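Reading through the structure tokens given below for one structure.
Letters A, B, C, D and E mark the chains in the order given here, with residues in each chain numbered from 1 onward.
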């Protein structure tokens, strides 16, 4: 097997703050293999974005501290890379798209300008050749009047259109890894489907790996090969999408799926998870889900580690530990 | 709870909403704010207790000790009728600081109410009020102040009134802008659905929520008002003799700047330091309370 | 067809002027609602679904009575002392950060009549308990709460004036699934207990299917399909409803993401399309679509439609 | 909104301002105790002489009539005659306005040329020593009494060092270049007179610095705030994710957008500078409108004061119009929506 | 500098108007006076001192009728305006008619009903309604400058607008440039009838800040710096190349005590105030000793002064006694001053302090000069400061103006003093042309008004001016403060 495109080991990130440090990421291990589409799912605040942004070095300098862990992209440790090298990497071999297509484009520059900038920065294409490349990328995103769109400003376009443009830009230099942070959350369902389809097709076609972040289990289930479920800055379960969602091994994953109204009987109450996510200023010592867990018991006071619960399927729960033991 | 008997005044309510611990945490992080705040406190202290710190009667003249150089007898020297400059600067601060607070309070209160009213009522009233404010803002303010001060007769209180009148539009704009924002918030929409009166909305929703930007503006304004008041005194439209006032002292002192530099230098420094301190503090408070608000 | 309706909307239009030339005349109008007829049944939940910008919130405002429709009529079949309350999507801005929780909860009461504080606090405590908040939180301020708790506060506030009808404008969209379930359960309990009528606005079909008795599907300021929710969502008649249902990702889907849709852009509501509003996005569009469509009753629902759809065999994916 | 619309709107507002400004200043002028006729007549004049002058100037008419007469004149471009100089006010202003404008523009240039880099540095290195330094400079700028700073720099650069002149626009022993634009620095260049240019430049340095120092603070603060705002926008993150270097992110992405809101501030600053020059001009004996209006107020020369006010207000509105148009030219968002 | 032919004068402010028939401001006269000639001029003594007597300038000879109402002047030939036109009787007639017709401030110096007629090519006759003792001297005023009749063609209203910024005179110099607010340039009038002036160019620079004027003077950029504060002059005197010249002057500084306003309407209160002021303290402290206390209204150096009249001196006991006689005074007394003269503020502050020793409550009001003058005229004040310098050398300037009840207010009687007897004396003195008789009349008057303490007669101050030491030939005339005899001056190398 080739090197993983992205490998995160024991990552810990904290944000100093008034009432203490916010321990956003508390030991995350994660890897993305070449050509793989990996999902990162979890509730709001579970540190999906922080994990991804740390990996690409996009967190605002000064606001955070990486207290532990290593990150390597395409086999290179990012800690050893200079800013120049990181810049070359970003937009070249690694690309990222974000949640808010409204604001992710520079409002005062035309689409063409913004696309050409990326293309010219990371390839040898210049002038008309670069322009042709941009048009080609847009066409791939099913944007028919691509030439005209290049002359438009972001505010003149719909959200779905903008997100497709951003995806097109992300693929401008055939990245090996694409990080997509909730790319469709702000879109309508009909548009969401189109964007997901295009993204999926393009990734498969170019063989790029994708780290796909979402809180929508259904989207994740359809989009990803393999998923990581996060809770309070930790990975609680990981494995192939169908396995994890079809046969969840961690009580949190299970409860989450049960809480979906999708299959619920309108006559009966929904299976809700009591309580709220823990405060990350003082993250629980033991299992982070302990306080809300039906199955919590004494062992949960110490922190469970990810253990195999099936082929390629791992969960961090003492319950599973006991079962498998 | 004894709550039912305690009447709650709005200022106390706003202050009670301030998380002092958080405020202190933020201020500590910003040495400039801290420095500004400390100097403000020192200035206020010196000025309030001027009689304690003064070495001379600020108005006692001594024609035989005119324009004496700084020394042990007169820390900052004396002026053209032999008054002790150090003592006069201490007392002079009272005028400057008092004008600052007066202007900010008067303009702040009137402006806030007018702005909130215009924003809430909307329609013609709003248009008329805002156009009027635009017109006032288009008039060169210094000239307006000078003319007003000249019309009212030169005295510090008249200068303060003139400055306050001219500064009202700024508060009207802020408070109206803020009112329009808040009016769009869904808690106001909610209040409308249960048929709350405009007065209720003003009292419970608008005013409490515009106070903090207004207060930020007010802190920032203190510095510039002190400056403006001294500028008016500089051109002779402010404090009257023998009352000590910094701007007036600089004005008189400039005639002596070549041989008796201290006469205008010390009061000038006093203005500079005080205004800087208030501005630093105001800046810091703005950053803390209202990080999004743009600098004007 | 109904016996007991609390509100009836007939032919509601809502236009907003936009832009202003130098004489203050608008450049044109945003047509947010374009002829809505709805009957709201007492004690039931009506779900309103549709894409962003289709006029759901505007409809809610008309129902609340905070906006007067430009055209059409709203009939209310309940006493003047009862009213319609609302719960908003964004728990952040729907609660005044400068009021303690007990004030927030009782605002609908004291905004209208003066009451002694003690009475208000008692009422607040009562309501807080109903929505599952502990009484000691009453003196705190909204920003000290999580999203789910804030939504509970908002619900308590809606209940305080003892309304007949509560409009819920995407009350769970900003919440996590685990919290959403808590709130949905709470809403169900309260309805059962008090016989409330809900108008539930959402773009999440599965939530609507779970919670609502009836569903109205909106497109560009019109209702395109309206009927019992199980029937409509199981066997949609209107091509738009079908598109919507097809687009929703489900955990059990097997076919992956399928083919890409061609036209996902909503037509402008500044210059309304001629004929059927959906025709540009409709796979079935044909000759008859050049004229405006009317609502036609079918067995289970009313459908704005669409000769083609009525006569075309249904093709709904699972 | 179209360009035309903005212009039309502003011109409507201009009429309103003209009306409002004249009403306000006329009212206040007439509240000021003092009789301009006396002023002209001189100390020892008899009441008959004073009355004679009063009639000449129409000061014996009721105020509303005086106002209407004035307005009538203004509409026809006649601002009346100055009581002090006995010359048409417009004529006087035509002489003094370019001097003030030259000073204001130079000060603005100074303020922006320094203020923008300082503001950018401050935002980029937020909370670093340079940020503190810039903020102190900026705050000191807006807190310095210009009239005092002026005295200090004169004392230093003229009195002690003798490097720069103490006041005036040009060395009076030099031939004034032919008046073309009224801007000495430009006129002297047009005339090819380098000595005059050098002298004009030397003369403007101190007053422009003094006047600009205040606005340096304003500009730096504004740019800093706008930069901070832009730097936390999502598109900056996109740019970084696309591999743009820090330098490019700051200068090609954030700065242009940060300048858009700053244009308003610069426009306001220019307006401010125009009448803020009043005190500075007095200190530096700068022969501009500021000194003219101060003397006029002191001398109860109401036509002159009103002329000044109207002209500056007009300039203010026109500057705002220019700002709006520039805004529209640089910000595509405004051009088409709404 | 370095240019021996250029003389630079530094003034504090720009002239307002250069029309002699309009300007009432000494500041303007610096420029206008050398541009024009008058029928008569002040004489200069052998040793170069300015005298208060007049000699002919444009007029070669003149006669007055016995009753002093008809004055006939014969014009000297050879005088010409800068455009070459001869200065003839018609020009004189025109100038005076223009002056009286415009009816602005300067016309006030001439007796009402005065008729001016060219009674020959080169002969002018003035007819007065009644005798006016100082008449001849008024003809040396700035307002009596002879204007080229050609200005009539320069626009409406006798060309006032044009003349406010241009010159049309026959003086030694003519105006060749005026950069507003910056400088004015005078160059010799090529057609001047007198001796060709030595200085080829005179520049008047406008430098508002006293400190800057002084620095320029020190640097040699300026030859004469006007209105420097007393304190600066002392420091300057010791600098190389600079000479501070002292001239006895007739300019006096005094306080108006508003006789119409309580408590100053009580003569004993006024006496108390007059005795409570430390005259010597002010002179030593504020003037650095450069002045003397006045002895009644008429200054030293002017004929008619009565040394026997009361002179108050600083004496708190007698002041208190006087106040007791008055029964005390509790009213707040306003004290007006302006920044026209930098000495006024210290005087005001000092006076306030002195009077507070009597328990009098004085409130200082610093006003714009124009506003202050307005208040003089309406009589809304208690005390105010003022300077007075004569337009011509006659006690008339210090008596008829100050005490005549017809001149209440700004016109001269600024203490609103009224005394029928005094009015009578004044009336007699003005129509008499007998100096001895007038001296006696004014002498009696002085005793009355000093006793009644109408004003507080503070001091008479020397005229001091700082000049580069290469400036030669400056003649100071006490009637012509701030006016320089450019035509007679020169620069040594």
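One rule holds in what follows: a contact is a pair of C-beta atoms (placed from the backbone, for glycine too) under 8 Å apart; a residue touches a chain by one contact, two chains touch by 3 or more.
Quantities reported herein were computed from a predicted structural model and do not represent experimental measurements.
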item	value
Chain E reached from chain C - shortest hop count over touching chains	2
Steps needed, at minimum, to go from chain D to chain E via contacts	1
Distance-maximising chain from chain C - centres being C-alpha averages	E
Identity of the chain that, by mean CA position, is farthest from chain A	E
Chain A and chain B: spacing of chain centres that average the CA atoms, whole Å	50
Whole-Å gap between the CA centroids of chain A and chain E	90
Whole-Å gap between the CA centroids of chain B and chain C	49
Chain centre separation in whole Å, for chain E relative to chain B (CA means)	46
Per-residue overlap in chain B, given as positions that touch at least 2 other chains	150, 153, 254, 257-258
Chain E residues counted as touching two or more neighbouring chains	209, 211, 215, 368, 371
Contact footprint of chain A on chain B as seen in their complex	21-22, 25-26
List of chain C residues in touch with chain B within their complex	61, 64-66, 83-86, 88, 90, 93-99, 103, 107-108, 111-112, 116-118, 121, 141, 157, 161
Residue ranges of chain B touching chain D (in the complex, touch as defined)	29-32, 36, 131-132, 134-136, 138-144, 146-148, 150-153, 223-224, 227, 230-231, 234-235, 247, 250-251, 254, 257-258, 261, 264-265, 268, 271-272, 275-276, 278-280, 283, 292, 294-296
Interface residues, chain D side, partner chain A - complex	126-127, 232-235, 237-246, 253, 256-257, 260, 330-333, 336-337
Residue ranges of chain C in contact with chain A within the complex	51-52, 146, 148-149, 176-182, 184-185, 188-189, 203-207, 209-211, 230, 243-244, 246-251, 253, 256-262, 264-266
